[in-house]
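Both of the next two complexes hold chain A, though its partner changes from chain B to chain C.
Let's turn to the complex of A and B:
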């Protein structure tokens, strides 16, 4: 089993539009995962219907027993995250700010604070309208541990792929290069970098590549909006060559991306010309990872 | 006035709004209510505002988080530090307390539990803040080191830096990270109001709804700007109306805007009509502020 992760650094460069188009091509032969756990969108286009749902717990959260609390305020003084609020001479934990370190529990003289398991989000397994199985999740608002939730989705998806003997796991990654992006790259076999010919797109791509390079994972690049800025495109091509990144394909600037989403279709369902381009790109990715 | 530009979905145009609106405001510095503008890029994983503002960084500061340093000579291998760490950032080996800086949340518990002063919290670099200035305009960029996960800690410190360094009579515009997780929350939570940038698609709507839920939980006032607007997505319009969310403007999808953006140019110059949206946003924000001030007095 091989895992191919689609990332971009910059948001809105077309990751999900391409991932859903590949899903439409691969059908049941590829398993899908969505690692953009705080703003997941893949399930919308794929009309994913979940047949399994689980709560995901990770880390801890402090709770104050008001009956035992003597309002000494030790917890508030020592909390490094300003997660304890005082109101009308009572102390409260703000669950959004609490990171679950347990310092307050430790210093409370009345043992009025207990740590409980923190519910981080929901985990789903779904069937899509293209007969793929999709592993995805929804992070609770303000929850920490998005990286841990990504790792959990990944672990479950890989296990399923091994059991069902599915050769490819195709994962749609989050934007950025931080915690969830790092979890997405960890353990992947190949990274598809989607960029665009803008200075922002190029800058974000370089930071992402630096991260991927730390993991020594091979990668290929799709240049989206390729005709928008030819000067930036030249710079991207130069960068790809210098860093031994294969060019998987170029997609011209076009309005089919937003329009297809509005019609709840994948780009290759909506636009026949795009379909040819995307199919070629998918075959290249596929062949690279045989 | 502190205005956070956020979105839920990535790539909707936060940076475009932050940079162009800041530059619009710079022209208004003679307004009695403020004396200058500060643009602060808090999208620390992928900061891009500098591409459009093209500043010369005058000052670069390293930003640190505190992680435990182990003093072998004091350690009795009692294991208390390892046992008390809820983030698995410490491990005991036969002759070593091993530390995993990227897992450390800087909670100081290990230092507090160590009976022999063998653990001391010491600075560890997570990113950099660079500052530049021109007439009535300050630009501050915060950038996370590659491979580092402590984005919220960096954002928090960047905001402290802004409090210290930026005059209080400046309007402050914060370009925030996408999503609704800890980084986004840290970036928006001390703002006076949030401008959410969305696009007219089901993805834009889905992620906008998540962002709205987050801001309501934080009890922050907000308004929406719809970017890359070509045609209406009725579900989005219905949602905005039903939830009574103010829309400050719709920026059309236009090739000249995309081209200007791609080359790092401001939209205000190539598409001057956009200034009407900033004008409207500016007066609506002032209205919101006046209402808020009235409510506070009451």
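Let's turn to the complex of A and C:
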């Protein structure tokens, strides 16, 4: 089994639009995972119906035992996140503001505060309308994505791929280069970097490449919105050449990207010309990872 | 010399855990005494953030001469690069088999 992860550094460069298009091409031959747990959206476009659901825990949340609390208010004074509210001379934790740092537990003279595992959302296994099986999750309001959640989704997806003898796991990564992105890269066989011809797109792409390089994982690059800034495009091409990154394809700026999303379609379903371009890119990725 | 493996379970028959920060645990193998010691890593496996850095600290405290794992993330590498510990990368295989490869000098140094 080989895992191909799609990442970009900068958000909005076209990761999910391409990942869902690849999903439509690969059908049941590829397993899908959505690591952008913060704002998972693959399941919407792919009309995924879940057949398995589990609670998802990550980090901690403080709980005050009202029977032990002597209303000293130390916790409220010291909380760095203003997560403790006072009402009718009683103290309550606001779970949305609580970061789970445990400072209040440490300073409570009566040991009335305990940290418990925070329930942050749900984990799902679903079938998409293209017959792929999709591993994904949905976070509650105010909950954060984390390396722990990403590695959990990854572990479950890989286990399923091994058991069902599916050769490819295609994963849609989170934006950024922080903890969730690092967990996405861990153990992957190939990284597809989707960039765009903007200064921030190029800058984030370099940071992402540094991260991928650290793991010594081979990668290829798709330049999206390739005709928006030709000067930046030249710089990207130079960078690819210098760092031995293969160019998987160039996609000109195209309104089919936002328009297809509006109509709940993948880009290659919506636009025949784009479909040809995307199919070529997918075949290149596929061949690289035979 | 002392070699630290990331491991999925206890004993030298166990499989290497390809993760470093979120490894199930570590096995500290002493080549002179031919003994192996199991070290749990549950707290980092379950950490929301910072698993790599904290695992690196935990490993350094064991004072190994070499670490054998599947991959090391950017933050853990930054910490480990400040030490003299040598890091070797390999695939998910039985630890006893990896140890033999290490002794024969067949492992790739990071």
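One rule holds in what follows: the second predicted complex is superposed on the first by the 249 of 290 C-alpha atoms of A that agree within 3 Å, B and C clash if a C-alpha of one lies under 4 Å from a C-alpha of the other, contacts with A are read in each partner's own complex, and residues count from 1 in each chain.
Heads up, the rule we're going with is that contacts are C-beta pairs under 8 Å (C-beta built on N, C-alpha and C of every residue); 3 or more make two chains touch, one makes a residue touch a chain.
It should be emphasised that the depicted structure is a prediction, and the values quoted were computed from it without experimental measurement.
S.K.: Based on the superposed arrangement around chain A, label chain B with chain C as either clash or fit.
M.R.: On the superposed model, which is not a single observed complex, chain B and chain C clash.
S.K.: A:220 contacts which: chain B (first), chain C (second), both, neither?
M.R.: Neither partner.
S.K.: Looking at A:258, would you say it contacts chain B, chain C, both, or neither? Reply first, second, both or neither.
M.R.: The answer is first: A:258 touches chain B but not chain C.
S.K.: May I ask you to decide whether A:173 touches chain B, chain C, both, or neither, giving the answer as first, second, both or neither?
M.R.: After superposing on A, A:173 lies clear of both chain B and chain C.
S.K.: In the superposed arrangement, which partner chain does A:182 touch: chain B (first), chain C (second), both, or neither?
M.R.: After superposition on chain A, A:182 lies in contact with both partners, chain B and chain C.
S.K.: Once the shared chain is lined up, is A:59 touching chain B (first), chain C (second), both, or neither of them?
M.R.: A:59 contacts both chain B and chain C.
S.K.: Looking at the overlay, what does A:198 touch: chain B (first), chain C (second), both, or neither?
M.R.: Once the two structures are laid over each other on A, A:198 reaches chain B alone.
S.K.: For A:80, using the defined touch cut-off, is the partner it touches chain B, chain C, both, or neither? Pick first, second, both or neither.
M.R.: The first partner, chain B, only.
S.K.: What's your read, chain B or chain C touching more residues of chain A?
M.R.: Counting residues of chain A touched by each partner, the higher count goes to B.
S.K.: Report for A:147: first if it touches chain B alone, second if chain C alone, otherwise both or neither.
M.R.: After superposing on A, A:147 lies in contact with both chain B and chain C.
S.K.: Pick out the shared contact residues on chain A: the ones touching chain B in one complex and chain C in the other.
M.R.: Shared contact residues on chain A: 59, 100, 144, 146-147, 179, 182, 210-211, 214.
S.K.: Give the list of chain A residues in touch with chain C in this complex.
M.R.: Counting only chain A, the residues touching chain C are 58-59, 100, 144, 146-149, 151, 179, 182-183, 186-187, 210-211, 214-216.
S.K.: Which part of chain A faces chain B closely enough to touch in the complex?
M.R.: Result: residues 9-13, 16, 36-39, 41, 44-45, 59-60, 78, 80-81, 96, 99-103, 106-107, 115, 139, 141-144, 146-147, 174-182, 196-201, 203-204, 207, 210-211, 214, 225, 228-229, 231-232, 253, 255, 258-259, 261-262, 264 of chain A touch chain B.
S.K.: Touching residues of chain B toward chain A in the complex: what are they?
M.R.: Result: residues 8-12, 15, 44-46, 48, 51, 84, 86-87, 105-109, 112-113, 144, 146-149, 151, 177-185, 199-203, 206-207, 210, 213-214, 217-218, 228, 230-231, 233, 253, 255, 258-259, 261-264 of chain B touch chain A.
S.K.: Write out the stretch or stretches of chain C touching chain A in their complex.
M.R.: Against chain A, the touching part of chain C is residues 18-19, 21-22, 46-52, 70-75, 77, 89.
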